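Each structure below appears as structure tokens.
Same chain, two partners: chain A is paired with chain B first, then with chain C.
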Partner chain A sequence: MPDGTRFARILPYRVRLEPRVEVPRTFEIQVRILAILLSLAIMTIVFLSLHINPISAFKAMFLYAFGKGILSTLSRAMTLVLIAIGLSMAFRSLFWNIGAEGQYLVGAITAFGIGRLFPNLSGYALIPLMLLGGFAAGALYGQLPAILKVKLKVNEVITTLMLNYIAIRLLYYLVYGPWNVKEVVGGVEYTGYAVTNNIPYQAQLSTVGNSTLSYAMMGLVAVFLIAEYLIMERTPLGYDFKVIGDNPEAARYAGMRFLRLTMILMLLSGGLAGLAGAGELMANQHRLRPGFASGFGFTAIIIAWLGGTNPIGILLAGIFIAGIIIGGYNFQISTGLPVGFVGIFQGVLLFSVLFGEFLRRYKVKFERW
Partner chain B sequence: MNVQILNFIIYQAMKSGTPLLLATLGEIYAERAGILNLGIEGMMAFGAVVGFGVAYTTGNPWLGLLLGALAGALISLIHAFFSISLRVNQVVSGLALVILGLGIHSVMGKPYVGQKLSNTITGIISPSLAQIPVVGSIIVQDPIAFLGLALSVVLWYVLFKTKYGIILRSVGENPAAADALGINVYKVRYLATIFGGLMAGLAGAYLSIIFRPSWTEGITAGMGWIAIALTIFSLWNPIHALWASYFFGAISASQYLLQGKGIPVDILGMMPYIFTLVIVVIASLAQLKKRIGAPEALAVPYVRGQS
Partner chain C sequence: MAGKVILEMRGIVKRFPGVVANDHIDFDLREGEIHALLGENGAGKTTLMNILYGIHQPDEGEILIDGRPVKLRSPRDAIALGIGMVHQHFKLVEKHTVAENVALGYARRVFKPLEDVKGKILEYGERYGLRVDPDAYVWQLSAGEKQRVEIIKALFAGARILILDEPTSVLTPQESEELFHIVKKMREDGKSIIFITHKLREVMEVGDRATVLRKGKKVATLEVSKTNPRELARLMVGREVLFEIERPEKEIGEVVLRVEDLWVLNDKGLPAVRGVSFEIRKGEIFGIAGVAGNGQRELVEALTGLRRVEKGRIILMGRDVTNADPGTLFALGVSHIPEERIKMGIVPNLTVMENMILKMEWRQPFRKGLFLDFDTIQSYSEERVREFDIYTPSVRVPARTLSGGNIQKLILAREISVSPKVIIAAHPTYGLDVAATEYIRNRLAKEAAGGAAIFLISEELDEIFQLSDRFAVMFNGEFMGVVRPGELTREEVGLMMMGKRLEEVRGGA
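Here is the complex of A and B:
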């Protein structure tokens, strides 16, 4: 491999990219912090172009997200981190699961269905049943893309995405159709609203104070963060996942069982997204509505990419991005700015992370022509 | 099937097939040069909002289309820079472009929510001629629909019958060999990616100016992703993209015919997506059988002096 490559001729200097052979751990962390700073710098320009004082904007966002709104931030982070754990494993093996949104939705739908079917079951039975149902639904929903990719080489980006849209339509159908709200409050029957009934009271997870941060979700996140570490670093399964990601050809040559591995991978990735959907339903929203998903599956992609397969990285990335969302909503309400700017922030952040990725892989050298 | 229904389907096939066709043609060229741009949905959304905004404020829909297309080209530059110059993962860069584009479209589109365009672009032929079986529903289409039709033939010709087409394909199949022959791989890839953005922007502006000349957020509704599926389905061939897009348009339109027949609207709404799943499976089977695949160097960054 030559030491570098010329890639631009516009500048008076020649830019050479030299691949880094070894990347120290501290540099990995520095690069990620740099990415976050870069995204803040770009957002400063965005705010200025929208005639908003960037300093007061960031202050309003982050003071709320990590101050008064910290419990909301952590609650949102738990749901997102749960999804991101599964995604990071899938991405590590170069399986592009873009379908977390759909897997999350079928998880929530299944959990809701179980609650609807057994409204009189005790909480001790109903809660585990609904969570398990959510996991199973997401895991199953992820199997079709896995099988199609390995057996027929069907592009998983397309299949997982289309399954998102199908799951969203299924949610609409249920919310407006058979599961539409029928509540009698004070002798008046309410129908026709774009929501379902609440899940049974005993299935609603207990939370810190009157926030939406539930103990059960914190527990699940802790368990699965550790589980991810153990799977990826301490088991042959994790080793196989990494080999597939680093060198698929070698993996094929070594006779790895792709179908089995990919199915397990999507069992975990889809299952965790489904579990997150069930958890979000039971801890926070308590009922289904058309906006139940609102892009969680896509936000989790950014978290997974920012955090890598490092459990602490994912947790921190999740809390940071949840902070942007919760702080952003708060800021948006006070300024009347469209919610879409949170999307811009997320897009900018993901590009900044990619830029960090570039700096991690290459040394940039400037030389005179 | 009576003539009216047939005409309706043909009309809708072409009308709703056109934005898909435009975006797919652009993606075919980008991918032929080896650049996988999953950002179509974001580029379309950006093109749609810029196009609508310009058409709304100036009252000139043609200017809207032009600037919408240029907006798509502009935002595609980000993906080009990241995937060609910085050599990052093209899947993730494309996703970032989608998130960014959708965010911008939501912020920029806020003042236009619920607004209608007073001037739009319609067919030159009088709509009364639409009654003529089959032919009628084609000739009354708007000029951009015909542009899409013409472009797929022209782009097919350029891709397979001219020197430029050979250059483009060689860059996507074997960039090192192309480089050795003196072709500037980076330049070709940049141009192809920008062309893809231009077409996606035009597709988006078509949606907001001609297809449904009023502003609603989320106007692209997954069409960008369907265009990526159609790129695969058409086996990277502009002529296949033509009939595939129209066929897809017909399938989407047929859900309106089934409405009010006892099938819930939202279940019918799944049809385009289920159909997309089916066509990517069919495309993969065809690829396995005929051994036609994606361009060899698709999504692989080119590093000079290394192959």
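Here is the complex of A and C:
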């Protein structure tokens, strides 16, 4: 039988899914708000099971994230949004780039290497060079899955995901090996810590007050949000990306050059992740350590989904999720919750967003038997 | 012959977002009658039958079987009440045998379920002419045989009301004749049959009564013996229909496309086109007749650069374009109206105007520097919409909101407006309503008169006869012969579609 009528009639209703023909814009927004509310509801249950008052928990989190900690939130948001812009483009063209984490890392590593190589260059030369290097490294790192997908039909989810681990191992090797910290303080040489030296002082981006929110990153995010919009909505290139994403058969029929287009797509998507890595290094962390990435590339996936196809949406989603992370860390420290708690919140949010996506695509109907 | 009314549908209303698919439709069926349900695509035939088969629930109205109101919430309910449906697309397990397919879901015995199933299949074969080997694998069967298996499945489930949805669309003329024969035998046995179609000839051939739907409304129910094709066509379309297309005066010029000993593989890696050669001249329409699955699709894909040519050559205007990619071929003047218009021909979520410039998005004047020039694109698209009479509220709505006929006109507009040298048209009117079909056939004839060389593939013999200057009949990857319309009868062409060569047909073998 074509439908589920074979199942025993346990419930008085059966569920029927109808694909939505028309999705109004307001509904797109409603679905996303619903997803956020749903995740808050689930987290309420989590809090209650830990005997924590959920209202005071949320209050503590969000008051910190969007109050005292707003600059930290925005700083984190800039890095995440930069990655998410690239991911959103890739997803709209049906390229499932799960490898932003690795592209981000090779970007940071390359920027660090450039800084290490030219410690005496002036900031005006070194800063653009490091940022450019980060972009180029991420862009190149994204080419392998692009070529493998088009030429050999290798699933890009696998290749991009696996390349993350290679990048992480490369980071470990450099941090513990050749780039390990060598500092002489008061005649004593310190080595063996799991960090590198700081990047040259003149390459450290200037920030708002003594926060980690840099002017350069805000500028880059603004530029690339607009650029993404223009590319996707106004250029023949974005047109081709959208055709591939909406109907790959039509793209084939139209004679589109898949290899070239996919390589350009990953140049942008990987490049932005690499740029974000360089920016995070230069604005915030200043040195590499094993936990340098800590899942930024994955968090950005949630942002790209939650933000939808609209640059403002991506920016807002980025700030919201950065708020959860920053507020969550703060709350976690003050209440002594386990470290995994922020991760749980993010995971719950991703599932809620995916559930929202499902509601956006299908109308769920309950019918009496 | 026809007996009491066994099924009544009263005031059926079904709304889908934006359309009323069925608007207060009344329909009744008598015992032992063949009731043709006639209407253009989008008239609501399939929706009405899906309601009867429990796939959709009506928003209003009621259904009575044997005078008792029933609720059909799923096909399971419909089957229990003796309703069977044979869909346009068969729902069979290809790797299983006929008997196994039938036994799946209908066998009553736990052990050796196939035994009585096989016996029954043979019995139906005798009784209704539903001849099919129970031990054959489904993938070995022709479309006509698969259809018989579907009918047998419905009979096994106890159907006394059988719905056939456009049953002849996949059949050769001979297979269609056999189907008519089967259907008539079932009627003699007291079964009631609803025969969905948009072909008038079929209504006249098998129907006892005919109900005509138009735009979701019932127009009339009439006795077939008291009507004629012209009246049916008028009711179906809402105006007088000319069955002739205009064939403008034209000159056949030099060879534009030459194909030499072409070999192409199918998806399974087996030769699907086997040594085909032909040429098409300027102004000529060259048709390909044949049952689907005999290499037509692979031939089209090879000509349009979508499939590799293993052996042989394709020469366009004296230039070797064997294995050129689709983009290059389009740039050289090869337009392609694809078989799967929605799957391949449009980008459903992009707007009508964006679809109108597919393949041309990098070209002047649609691109100015780095950016698309949406003002030019819009005015260009609006002109095309006017010229090709495409029904759309604006060029800024997603292409998926258009009806099938209008999607086809959009594709036609896009492919023809670039003044192509060659037009590859695969089933250009398949599934379209009479008005759109008329329009598209006339337009293709006009393009040929304007100097295009047209390669036309169609399963509708009428279309081939009407349009082409010469046509080939394709069977099993080869041409059975190339003839002019009128040289052979329908039946002779039918024989070629089943694998007889022109010489054998002419020789009277």
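Here is the rule we use: the second predicted complex is superposed on the first by the 359 of 369 C-alpha atoms of A that agree within 3 Å, B and C clash if a C-alpha of one lies under 4 Å from a C-alpha of the other, contacts with A are read in each partner's own complex, and residues count from 1 in each chain.
The rule we apply is simple: contacts are C-beta pairs under 8 Å (C-beta built on N, C-alpha and C of every residue); 3 or more make two chains touch, one makes a residue touch a chain.
No experiment lies behind these values; they were computed from the predicted model shown.
**Q** Superpose on chain A as described above, then tell me if chain B and chain C fit or clash.
**A** fit
**Q** In degrees, to the nearest 10, note the angle that opens at the C-alpha centre of chain A toward the centres of chain B and chain C.
**A** Result: 70 degrees at the vertex chain A.
**Q** Tell me which partner A:Gly255 touches in the superposition: chain B (first), chain C (second), both or neither.
**A** In the superposition, A:Gly255 contacts chain C only.
**Q** Per the contact definition in the header, classify A:Pro24: touching chain B only (first), chain C only (second), both, or neither.
**A** A:Pro24: touches no partner chain.
**Q** Answer with first, second, both or neither: which of chain B and chain C does A:Gly177 touch in the superposed model?
**A** first
**Q** Output check: A:Gly187 vs chain B and chain C. Expected answer is one of first, second, both, neither. What do you get?
**A** Touch status of A:Gly187: no partner.
**Q** Would you check which partner chain A:Val339 touches, where first means chain B only, second means chain C only, and both and neither mean what they say?
**A** first
**Q** More residues of chain A in touch with chain C or with chain B?
**A** Of the two chains, more chain A residues are contacted by B.
**Q** Once superposed, minimum distance in angstrom between C-alpha atoms of chain B and those of chain C?
**A** Shortest inter-chain C-alpha distance (chain B to chain C): 5 Å.
**Q** Across the two complexes, find the residues of chain A that touch chain B and also touch chain C.
**A** 1-2, 5-6
**Q** Flag every residue of chain B that touches chain A in the complex, lowest number first.
**A** Going by the criterion above, the answer is residues 38, 42, 78, 82, 85-89, 91-93, 95-107, 109-110, 186, 222, 225, 228-229, 232, 264, 266-267, 269-270, 273-274, 276-277, 280-281, 284-285, 287-288, 303-306.
**Q** How about chain C: which of its residues touch chain A in the complex?
**A** 16-18, 55, 57, 73-76, 91, 105, 304-306, 325-330, 336, 338, 340, 343-350, 354, 358-359, 361-362, 366-367, 370-372, 374, 401
**Q** Can you list the residues on chain A that touch chain B in the complex?
**A** My answer: residues 1-2, 5-8, 17, 50, 96, 98, 148, 152-155, 157-159, 161-163, 165-166, 169-170, 172-173, 176-177, 298, 301-302, 305, 337-348, 350-351, 354-355, 357-358, 361-362.
**Q** Under the stated contact criterion, what part of chain A meets chain C in this complex?
**A** 1-3, 5-6, 21-22, 230, 234-236, 239-240, 242-243, 246-247, 249-250, 252-257, 367, 369
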